[in-house]
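Okay, so chain A shows up in both of these, paired with chain B first and chain C after.
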Partner chain A sequence: MHYEKAMEMRKKITILLLLSGLVLALLPLSANRSFIVKPGKLLSEILNPEVSLTADQVAKLIVNEDSTTRLIDLRSPEDFRKLNIPGSVNIPYNDFISSDLYIYMTDKNVKYIFYSNSDFYSNYAMVFAKGLGYKNSYVMKGGLNEWFNTVMESKFIGQRISARENALYETRTKAARLFTQINSMPDSLKAKFIASNKFSARKLDGGCE
Partner chain B sequence: MNTLKKYGFVSAIFLILLLAVIYKSFSHSGFRYDAPKLAAPSFQGSNIITAEQIPGLQNALIIEMNNSDALKGRYNEITLKINPDSILERNNFRKIEKCKGPVILVSSENSIAARMWMLLSQKGLKNIFILSEDKDFEVLKKKFRPDSLSMPEHI
Partner chain C sequence: MGPLSSYFLFPEWLELLVAFIIGIGFGFALEQAGFSSCRKLAGMFYGYDTTVIKVFFTAAIVALVGSQFLNYFGLLNLKQVYVNEFYTGAAIIGGVIMGAGFIMGGYCPGTGLCALSIGKIDALVFAVGGLTGAFLFAETYPVIQNLANSDYKGPVKINESLGMSPGLFTLLMIVAAALMFWVAEIAEKRFARPEIKNAL
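Showing the complex of A and B:
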């Protein structure tokens, strides 16, 4: 009698475990990398004009060496090596989308500003990051093409300049000079400079070594 | 019936577990799971088309946002004007969802179209494209001259 009861219990537990295993096997993969922000809220966040910074605003951040911002260059490593905005780090777009963002966007107090050559990659990345809960995501409008138009090709035309225009022109000139200096370095020096600016993989806490 | 009674306890636990898994699987705030996979068409620009490609598309739907004049009044019969801030409204979203062919996002700003593309793709919509006048996808149009303060030249 006692034996039959024990067998009955074992059968039930076996069936429960088998069914649980089946259910777990049907679990969707990568469920932890799905957007967590509600669609309506995400839409209003990405349409907020404040997520988009102009080239002038980025130039000012660079000239002021603003430590509360971090520029992320989404282009290929080859393009990044040829030229990049001073202070930026390179995360190729494909890598950015495929990786766990907590590796890169570790500091909640920092504004992460994405840029690429134009508007596509940077805006995709910004929405992607915001969707995953990284609210501190921004874009540089127009990318490097706009950077060249606005900052590198800055010219003052006219006889009189207002104080505001003067300040703007000065910032652009400083940013352009910095851009030229950094990107004119010999390859060996540039490689060292870039290496010092790289993201390092976030170290895992605990676990076996 | 006797079997069901016999394994009632097991069935109840299984049912609760199954419901919990289904809820967890499908309640990602209205977005589908595996965000990187849904973003994949954006990697090489395969989600971008030009105006010349539109005639070759069947059952296409054009979503015109921000009063873009990229198409210059062409294809009015397959065009819907939807502002970006109302793209998720039920009626608008259903029209996009029900489209049997490609959905083409048109905007005066590539940035807006790109953002909407990512948003809609993550909602699980496939066959979404961005209309771009520029065939060159993410190309730097300026040339940088090192060791010089002269103006960069156009490529």
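Showing the complex of A and C:
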């Protein structure tokens, strides 16, 4: 008798648990992803100076139309529409950290370079991506502020120019010209250009990889 | 709101006091469930008494459901709850050692202390053995360090590696537990050992 009563109770509790499990399965709970890189290793990886590229290095990549790098702009879509570095794609920071990165960082052989207005968001995004095991994450040091200071406002002061300085100056000028061309497009054309350059469109490109 | 210790900086004595109180509750629950009897624990392996799996799985699914709901209503931030780090090789070897010790000694570490507290002599020997093992581990750590740290996978959760939502995983766990309880009940009838059970 006592045993049967206990059995009844157990059945009721089991049903209650099953029902609450059903409710939980239907709730929109966020599935967090955990870092798979050991903290110590992650720290040494992100402190490695090689993960940050200078604005000049990025300018060179743009001028050479380097296909092994991908610039990711972490600012808001409005800011991106106003100004962006040629060849970059826009993934707002909040979207970036709240979605699965394999959507964006599909190619292991491509260097993904993050930038925002300064270093703040780009560094966070880089640590986030590296922690999840994406070794191919980099930042553009100083962000757009640094880009303006070095590339856009580059002026030659002095009498004589060395070959090295000349090359650097030329790259800067070319990159600045590209930047101005892209960003001075009429709004409608620009919107079309941005839409064509979105990540989802990459799959349609094909080509030899 | 929770976990509280991440919002307030508790002094050390308070942290230890909280641990002490939770420990008393845990030990009390274990003892009440009959886990201080090594014959009951060993029954799990022979099938005549499956209390162990029932108690532990019930605890696990109740905690799963409770923590998920608290998380959903914003009362507990599960992101701040510590998740043990996973080392594949170490987990397999440690699991084998733990299982062998469990079936030979008749206790797992927690229940061993529980049985010690009600004065069982075998549990005293078991605890001494466990402490000796811990001492040897610490002393030989430099030698086995590479093994202990191999195959680091991070603090991953099962639902993450399967790519499913925590809620769906909880539901599957509950279904699995219910099925397991059902099988356990059948096993208890099939491998019944009344002479042991009555003596418990």
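In the analysis below, the second predicted complex is superposed on the first by the 168 of 209 C-alpha atoms of A that agree within 3 Å, B and C clash if a C-alpha of one lies under 4 Å from a C-alpha of the other, contacts with A are read in each partner's own complex, and residues count from 1 in each chain.
The rule is short, and it goes like this: a residue touches a chain if its C-beta (ideal position, glycine included) is under 8 Å from a C-beta of that chain, and two chains touch if they have at least 3 such contacts.
Quantities reported herein were computed from a predicted structural model and do not represent experimental measurements.
Asks: Is A:80 contacted by the first partner chain B, the second partner chain C, both or neither?
Replies: After superposition on chain A, A:80 lies in contact with neither partner.
Asks: Considering only the touch criterion stated at the top, classify A:139 as touching first (chain B), second (chain C), both, or neither.
Replies: After superposition on chain A, A:139 lies in contact with chain B alone.
Asks: Could you tell me if A:25 is touching chain B, chain C, both of them or neither one (first, second, both, neither)?
Replies: The answer is second: A:25 touches chain C but not chain B.
Asks: By the touch definition at the top of the document, which applies to A:34: first (chain B), second (chain C), both, or neither?
Replies: Once the two structures are laid over each other on A, A:34 reaches both partners.
Asks: Based on the superposed arrangement, let me know which partner A:180 touches: chain B (first), chain C (second), both, or neither?
Replies: After superposing on A, A:180 lies in contact with chain B but is clear of chain C.
Asks: Mind working out whether A:114 is in touch with chain B, chain C, both or neither, as first, second, both or neither?
Replies: The answer is neither, since A:114 touches no partner chain.
Asks: Looking at A:47 after the superposition, I want to know if it touches chain B, chain C, both of them or none. Which is it: first, second, both, neither?
Replies: Only chain B is touched by A:47; chain C is not.
Asks: Would you mind checking which one, chain B or chain C, touches more residues on chain A?
Replies: When the residues of chain A touched by each partner are counted, B comes out ahead.
Asks: So in the superposed three-chain picture, is A:98 touching just chain B, just chain C, both, or none of them (first/second/both/neither)?
Replies: The first partner, chain B, only.
Asks: Pick one for A:127: touches chain B only (first), chain C only (second), both, or neither.
Replies: Once the two structures are laid over each other on A, A:127 reaches chain B alone.
Asks: Let me check the overlay on chain A: which residues of chain A are in contact with chain B and also with chain C?
Replies: 20, 24, 26-29, 31, 33-38
Asks: For the complex, give me every residue of chain C touching chain A.
Replies: Residues in contact with chain A: 61-62, 65, 68-69, 71-72, 78-79, 83, 152-157, 159-160, 163-168, 170-171, 173-175, 177-178, 181.
Asks: What does chain A use to touch chain C in their complex?
Replies: Those residues of chain A that touch chain C are 10, 14, 17-18, 20-22, 24-29, 31-38.
Asks: Along chain B, where are the residues that touch chain A in the complex?
Replies: Where chain B meets chain A, its residues are 7, 9-10, 13-14, 17-18, 21, 24-25, 28-37, 39-40, 42-43, 45, 48, 84-85, 87-88, 109-112, 114-115, 117-119, 122-123, 130, 134, 137-142, 144, 146-149, 151-152.
Asks: Taking the complex as given, what residues does chain A use to touch chain B?
Replies: The contact residues of chain A facing chain B are 12, 15-16, 19-20, 23-24, 26-31, 33-40, 42-44, 46-47, 52, 75, 79, 82-83, 93-94, 97-98, 116-124, 126-128, 131-132, 139, 141, 144-145, 148-149, 152-153, 176-177, 180, 183-184.
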